[in-house]
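I've put the structures underneath this note.
Consider the two complexes below, in which chain A is the common component and chain B and chain C are the respective partners.
And then the complex of A and B:
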């Protein structure tokens, strides 16, 4: 129950942002929501089931391209976003069926390669996808301010949906089964959990919202090209965010997204040429010194302070 | 006749791919770490060869020694200082850590050398080799021969030297090796260093063939993935076979479907293979 209250309150507060903030603030909030969706989605397969998935970039790019191509052919935006989510989910189920029998390193490599392969396919079919030239989306007839609000609400709605799903899954049989798989897959199998079906479900869940986020992103930026939407960093950042916020928790991914955005804005403003190295530095520090993330660390501090006086 | 030429091109490419992948395969097999840094190590080796040639006139083939030495030192230091701290962690942690290190090193190279593509134009190229109906550029053939020679040297090192036997022992059973008096931490660092050394040497060889830029590192890493999965993890002969298969498949794929599809084809093969035969074409346990 507490999770639902927190979710509704945070969503309502974010939705009230246009009353107070300028477009820059709205842009930051929109990216934060997008990152929260990516992190939360990765959490299904990576945090709950413990499978090291790097497929986020593949789902994101796929969603962006499916939606963009449909819109170029005349489908309304919101319908195209829905189709993008559906296709990303089916794609995840299909790919998952092929590679979820792999464990550890082989699974990681397979998921890394999926995004690269999609990128190459887009690059080499220019008559259909625009190839390396990228793809322009139909322009929305809205003022700049209205657009900023529209995309904030779209991403916020998506992150609400995604987090709500996460809460439901964590408390359901599915979530319990996935945690069993993480701890000991063979034992889970012996206990009668259909591990294959559970993993495929988790992988599909990790695809559907990311595909829609990619689709909304494509409309937001009005132009997509393969290096942008299939960027391997899109596959790395979600797990950085989840690690920042704490693995397997409900609001950890969103908190991680907020921390990462704050850090990225700081780096982009001050050290533009080394922003990739700065992200790398965070990763190294995080893994070497904060293996449990920042949130549990803060919680521990608070608990200790509460106990001492 | 054209098929003979394509096969020969593929063979030359394959020898180089084997050399790209063998260090990656060694690190994966022994340390159980997917080293995302590998591609950047290769590019760094290429830059060392480039600057040695431009400023000191050292032939890239001779630079193998310099590039290999520098990369060995770098790899050993990175492992002993950073990676060894989390060596027993799950794949997610170690892979992400090498990814972070790769972001740092690659970004440093972008700042230091810019993203401009550079290439080495040899003052005295070896000319063209003519074997029956097949024509091959002499420098490429020499590079491939050296690449195979290095790969075989590594194989002998693992089989015949004391260090090599220790590395194989750690790969087979970490605990048992430690009980037999092997300093596992030291062997880990040496193995990572050797992986980097092979990357640096491969980079020096590749510098006369491919343009040099930090942006190429992902391409080399992708090749290492495919060769490793094709040949099966952690065997030197596997890497050679995997490399040659990939080289030939890419040559014929480029001929039939157009060169722009070569990467898609190799990745598709990787996925199909992972689906059907995750141990690789000649995969087996043990690194000898």
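And then the complex of A and C:
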């Protein structure tokens, strides 16, 4: 119940931002919502099931391209976003069926290849996808200010949907089973968990919202090309965000996204030349000082305070 | 008595090694069968074959009349075959209650997460872990983790329970407690296969013994008859001792 209240309040506050902020602030909020979706999605497979996936970039790029191509052929934007999510989910289920028997590093490497594979497919089919030239999307007939609001609401809506799904999953049999798999997959299997089906479900969940985020992003920027939407950073940043916020928690991914985006923006504005090093620095600090993330740390603090007289 | 579990000429190969070779035996409803043999005899592999973790390379495994030879582990678990592991396999960061509830939930014994917790509490009560429900499983002592394995398996409402060395590493007092528990489980009508190295333990609870050596079944029958079997003594103590003990071969 408490999770739902937090979710609704935070969503409402974010939705009120256009009243106070300028377009710069709205852009930041939209980016944060987008990364919250990516991080939350990664949490299904990486946090709950314990499978370190780098396929986020693949789902993102796939969603962006599916939606862009459908819109070029005349489909309305929102319908194209839905299709992008569906295709990303089916693609995840299909790829998951092929690689989810791999564990640990082997799984991570296999997922890393998926985005590269898609990128090459796009590059080699220029008639269909624009290839290396990229793809222009139909222009939206809206003022700049209206667009900024529209995309904030779209990304915010998606992150609400994604977090709501996370809350439902965590409390369900699926979430329970995934935590068992993360802790001890063989023991989970002999208890009666169809580990293959559970992992595939988690991987599909980690694809669907990312595909839609990619689709919305494509409309937002009006133009996509392979290096942009299959960027490996799209796979790495969500992972860092979840580790920062708290693996397997409900609000950890969103908190991690907010902190990382804020930090990046700060570094970007003040120390442009070391921007790239900053991400590496955060990863090192994380591993050394915050292996469990912020949410579990806070929870521990609260529990300790509650326990002491 | 009808056979609950039947093995027919079961062989399991790992590369060139026959870990289990041509083993046939059956377990009747309500029986406690002791599965014994020297280290490396293939006891744990046989359990892995029955539970589908390492399916048989040839031969048949039947449970309650159904052929389960090539079923997947989770399907076999849902039919009511539960096992404990020689090296305990809890979900370390989950609480004791969650561990037990997982057994109830995924075996199909409980229909909802809520029911699973209720069933788990009951089994924790039965195995004497009721005070520890909220502790992470990793913080328990070995004896208690073994009890937790039992609680987890029992929460699955098994018809056949396979206990792989539940007493290894326990002290005498803990073993006495564990034996008492196994007898109580048997009284509930659960059929049990016990793998055990401690002869005193096996002899005191088994109705029947099955002996493996180098992957082959070398003897089976009532406990006291089996332990005086020449091949069994040979397997455990060497041929010299067998000859000295029994005099010239008959």
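Throughout what follows, the second predicted complex is superposed on the first by the 294 of 309 C-alpha atoms of A that agree within 3 Å, B and C clash if a C-alpha of one lies under 4 Å from a C-alpha of the other, contacts with A are read in each partner's own complex, and residues count from 1 in each chain.
We adopt the following convention: contacts are C-beta pairs under 8 Å (C-beta built on N, C-alpha and C of every residue); 3 or more make two chains touch, one makes a residue touch a chain.
The model shown is predicted, which means the values in this text are computed figures rather than measured ones.
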Thinking of the overlay built on chain A, is A:176 touched by chain B (first), by chain C (second), by both, or by neither?
second
Check the residue A:121 against both partner chains and state whether it touches chain B (first), chain C (second), both, or neither.
first
For A:262, select first, second, both or neither according to whether it touches chain B, chain C, the two together, or no partner.
neither
Applying the document's definition of touch, where does A:284 land relative to chain B and chain C: first, second, both, or neither?
first
A:188 in the overlay: touching chain B, chain C, both, or neither? Say first, second, both or neither.
second
Which partner does A:168 reach: the first (chain B), the second (chain C), both, or neither?
neither
Looking at the overlay, does A:303 come into contact with chain B only (first), chain C only (second), both, or neither?
neither
Just checking: does A:9 make contact with chain B only, chain C only, both, or neither of them? Give me first, second, both or neither.
neither
Broader residue contact with chain A after superposition on the shared chain, chain B or chain C:
B
In their complex, what parts of chain A are in touch with chain C?
171-173, 176-177, 179-180, 183-184, 186-195
In the complex formed with chain A, which residues of chain B make contact?
28, 32, 34, 82, 85-86, 89-93, 95-97, 99-104, 106-108, 110-111, 218, 222, 225, 229, 258, 260-261, 263-264, 267-268, 270-271, 274-275, 278
Report the residues of chain A in contact with chain B in the complex, numbered from low to high.
46, 50, 52, 98-99, 101-102, 104-106, 108-110, 112-114, 116-117, 120-121, 123-124, 232, 236, 239-240, 243, 273-274, 276-277, 279-284, 287-288, 291
Considering the complex alone, what residue numbers of chain C touch chain A?
51, 53, 72-74, 77-78, 82-83, 85, 89-94, 98, 101-103, 105-108, 112-113, 152, 156
